[in-house]
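Just below sit the structures, each encoded as structure tokens.
Two complexes are shown next, each including chain A; its partner changes from chain B in the first to chain C in the second.
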Partner chain A sequence: MTANFDSPSVLSMHDAGVHFDGVKAVDGVSLSVSRGEVLGLIGPNGSGKTTTLNLLSGMLRPTVGAVMLDDSDLSRLSMRKRVHAGVVRTYQSGRVFERLTVFENVEVAALGAGLRRGAARAAARSTLTQLGLDDVADLPADSLTAGRIRTTAIARALAAQPRFLLLDEPAAGQNETEAVQLIESIRGFAREHGIGVLLVEHDMPVVMGTCDRLHVLDSGRTVIEGEPQRVRKDPQVIEIYFGKRA
Partner chain B sequence: MTTQVLVRLRTPLLLCAIAGVVAVAGLAGGPTVERVAVLALISIVFVTGLSTFSANSGIMSFGHVAFMALGAYTAAFLTIPVPLKGTLFSQLPEPMSFLRELQSSFVVAVVVGGLVAAVLGLITAPGIARLSGLQSGIATLAVLMVTYNVLSSWTSVTRGSSSMIGIPQATTLWSGLGFAVAAIIVAWAYQSSRSGLQLRASREDYWASVASGVSVGRHRATAWVLSAFLCGAAGALYASFITSFNVSVFFLSTTFSFIVMVVLGGYLSLSGAVLGAVGVSLLQEVLRRFQDGQFTGGSALPAGVADLMLAALLLVVLIKFPLGLMGSGELGQRGRQQQTDEVEPQPEGASA
Partner chain C sequence: MIIEYLISALGLGALYALLTIGVALLFGVLGLMNFAYGEIILAAAFALYFFREQPWFFAVIMAVVFAVVVAVLSERLAFHPLRGADPVTLMIASFAVSLALQSVARMTVLPRAQGVPPESFLSQRVDLLGARVSVLDLLTFVLCGTVLAAVAYVMGRTSLGVQLRAAAENFQMAEALGVKGNRVIASAFVIAGVLAGIGAVVFVARQGAVSAEMGLQPMLVGVIGAVLGGMSSLRGAALGGFILGVGTATLEALLPSSLIAFRDAFLFTALIAVLVVRPQGLLSGSKVRVS
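Coming up: the complex of A and B.
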């Protein structure tokens, strides 16, 4: 089979792990995301969620195992090349380009994806409209409210023309209603454009109703993967996850 | 859309107008004022060049005077009359003896001066593209050190520590103004280009720009080479104005003086660089007169007082306005104060 970057349908990780000086931050994790679905990656703090996202996005290279896009091995590709292959990430704190305008933030990502100037501007305009950021398009990104800074970060990721979107706690710092609302709109967007979403989140109630499947990590290893209702009832999950709160 | 373009055009128009005011002031004053004005216009060419790299990449360069030096030496080789060159460069190595016969017009010398500097820019670009932060600053300084040492030691070609003399005076108020306007337009066009926008994104957040698919190294290299060209042209203009120069001028004190201009004005802003060049040129002249005793009833102050006061001013500005007077804003664009009041309590998050 030849690699076909035009229509990859599955982003996956196979027995992948990364070791920092002998410490296994992620150890033998396998997972896959299909286009159009939302996979929730959950687990307590330090369970390896962000490290897993870093492995998929190219911020880290796996020391064992592989990251695949359909049949092509992405493991050695840089983050920038993975963006061009359609795998785009966001950062936990948003990390918008603070002194650029909201419009420029989004335009940069469209240019980075290889669009020409006119096409990039058109893509930026339509993305801003879809996410309701039209009224702040010409303001510097750091002048927005925290919630809209996060939305700008998501708009920027969407403008990079992703086929797979890796979101690192996009709703952190927002209350549960706002978080669910934000993730619902991301899910709508993903279905409409056939984007596969990996959602890192530590708040269990937020992911229950919004994700198609959940993948639970603890200490860098997979605990269970499955539909939210099934995962919630798993005794191991209750112990390591809910147990800590009780 | 059209109005947006007009708004964007206000910045280069205002900056060109400032350069125009400098030229007119030079015209109105005596020979001393004219000299200050021409040097200020040459400084505008240099700092727009420096700013093309540093304002967009966010990396301060301490090495751009090396490009200026190459431009100045190139202009010297191209414009010193052939008979004089025969005596000045009698020891020129055989493969380079063709340099003795070269002769070009002033404008060609300025452009070629820029091109030669751009070649040094191309050679050093791969290193600059890979480095960030402190490492990058040191690397730019290393470019200056290497260039300075080659120029001051390669006596048979550069005359080493002997002065370069006999360059025909060609830079005037008007040609200085013309090149300053051209440099402002080039710098502004780069800043607005897709490469400039992506480079500014990497300045704001390196990893976020990589995650947006931006090829940071490529854009850094582009800006570096373009800025080398502009600073080389500034060097050629300089040589064609003062007619004789010594290699020692292209070293740390000149570097410091340009850094003061860019930092005072705002090193993330093209407008800041231009305003800084004009302001500091004026200030240096006032301080020089002060040091000479023109304001203190004729009793001269100790040498170095002028530099000391400039350094003190730099310190005060760095403490009060770390990003300089302009910050990261541009003349003619909406001020940040007006922009920072978006705090209306709107429902947050994405509304589809």
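Coming up: the complex of A and C.
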């Protein structure tokens, strides 16, 4: 596996929105992730971060707007077809197959992505090594700690040979040091293999140092997008995160 | 005496484990409680009747082929169109498939039971470690044991197996990871068909006859064994079936002849007692899966 930046090179969303019973959970959001970069999607609870990720991954279909992979429209494709196109996600709770071993969890994802058995096992092994899960590879996934279950879920996503990886709060439940460490290793992986990463996170300090760009949502709408340093100084962002100074 | 008992108990245990895995596999992957499983066995039994003049080995192969074909056809025609339907809907559909196949059998070839004389070698006894063991018991043990080992290999060591187990635990998640659901489901039906076919070979050899209703008992064995072991775990289901078989053989060996007729009453009383203590089955996690 070498870094390969040929097409598709950009995963994007154009004025996309989804309405549940008249409530606009996401309302006209546009964003794009290029391969090799880490885009942080941040915002307070209920701002539409996970819904945005669901739209990109195919768990939800946009009621307006479109999800594109370069020039092809993904909006109507199922999750499975998007996985085969290279768009892979993880879940907030770090869902894994509890009765399978850690190795098998990762192997299934590699097989699902279309690798043959030998290649799938090799991919599983190298991914586990890179994420430091070697010592638990043969244990059933439900015997791990919550943090390592999350890491297993990420290993599983990486083994699916993604071109774009959508991570839903991968570091939740870990302290700041662990979180930064985990995201740094994801970033290293992304650069090395040319993977575009969309990272949903609510913890500002964690994304500050690790993301190339930040996209801030509030109430389903884009507040600002840009470099972390610029975003941090934005008055609207300060207001959202630290409340109105009356 | 001990060796005879062991062979027959382990043989029956292995046979029941096969039937149970067939039921639990479809339940895990599809959420389908397949009451038509007995008719897949019936299809195999029919093949044994149809090819009874042919060499036994050929008839056995054809039995497995018939079972697989009926299993796969029932999936294509009845369950595939219901993909994503409620488990209760699937269960009712399986009743429909079951009754339809049974009726077809009754209207055509099997209005009443037909004899399939067991091969003469099956009714012989051989010396084994100083005991006279019936060839039929020995065959049951070897055949079912081999098939169990083969299933364990496929499920544990192959890429199909790991995808099947993943799909059995969480079908949506497996599909979201790119696992081809349709192929996994078709494979599950093929495996269930093979297991039913082998099971039918043993059942017919024991009963010496085939009838339209003959699928009922093995189907019940499969369902009960799976409930006992834990529906959501294939290993648990296999264990449940095995215990059921060994329990049956043990009661047969221990009960005085006047009580043998009540064998199933003893067995199911014990089963109820187990389920009172562990309603989720022996090897299931804490979560109980309802329907």
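Basically, the second predicted complex is superposed on the first by the 237 of 246 C-alpha atoms of A that agree within 3 Å, B and C clash if a C-alpha of one lies under 4 Å from a C-alpha of the other, contacts with A are read in each partner's own complex, and residues count from 1 in each chain.
Here is the rule we go by: a contact is a pair of C-beta atoms (placed from the backbone, for glycine too) under 8 Å apart; a residue touches a chain by one contact, two chains touch by 3 or more.
Treat the numbers as computed from the prediction; the structure is a model and nothing was measured.
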item	value
Overlay on chain A: chain C relative to chain B, clash or fit	clash
First, second, both or neither for A:113, with chain B first and chain C second	both
Superposed model, chain A: greater residue contact from chain B or chain C	B
Chain B versus chain C as contact partner of A:80, first or second or both or neither	both
First (chain B), second (chain C), both or neither touched by A:210	neither
Contacts of A:51 with chain B and chain C, given as first, second, both or neither	neither
Which of chain B and chain C A:152 touches, first, second, both or neither	neither
Touched partner set for A:130, first chain B, second chain C, both or neither	first
Contacts of A:222 with chain B and chain C, given as first, second, both or neither	neither
Residue range of chain B overlapping chain C upon superposition on chain A, of 295-303, 313-321 or 331-339	313-321
Doubly contacted chain A residues - partners chain C and chain B	59, 79-80, 83-84, 88-89, 95, 97-100, 104-105, 107-109, 111-114, 117, 120, 156, 160
Contact footprint of chain C on chain A as seen in their complex	59, 79-80, 83-84, 88-89, 95, 97-100, 104-105, 107-109, 111-114, 116-117, 120, 142, 156, 160
Residues of chain B touching chain A in the complex	194, 197-198, 200-201, 204-205, 207-215, 268, 328, 336, 339-343, 346, 348-352
Touching residues (chain side chain C, partner chain A) in the complex	158-159, 162-163, 165-166, 169-170, 173-181, 233, 285
Residue numbers on chain A that touch chain B, as the complex places them	57, 59, 78-80, 83-84, 88-91, 95-100, 104-105, 107-109, 111-114, 117, 120, 130-132, 136, 139-140, 143-148, 150-151, 154, 156-157, 160, 171, 174, 178, 181-182, 185-186, 188-189
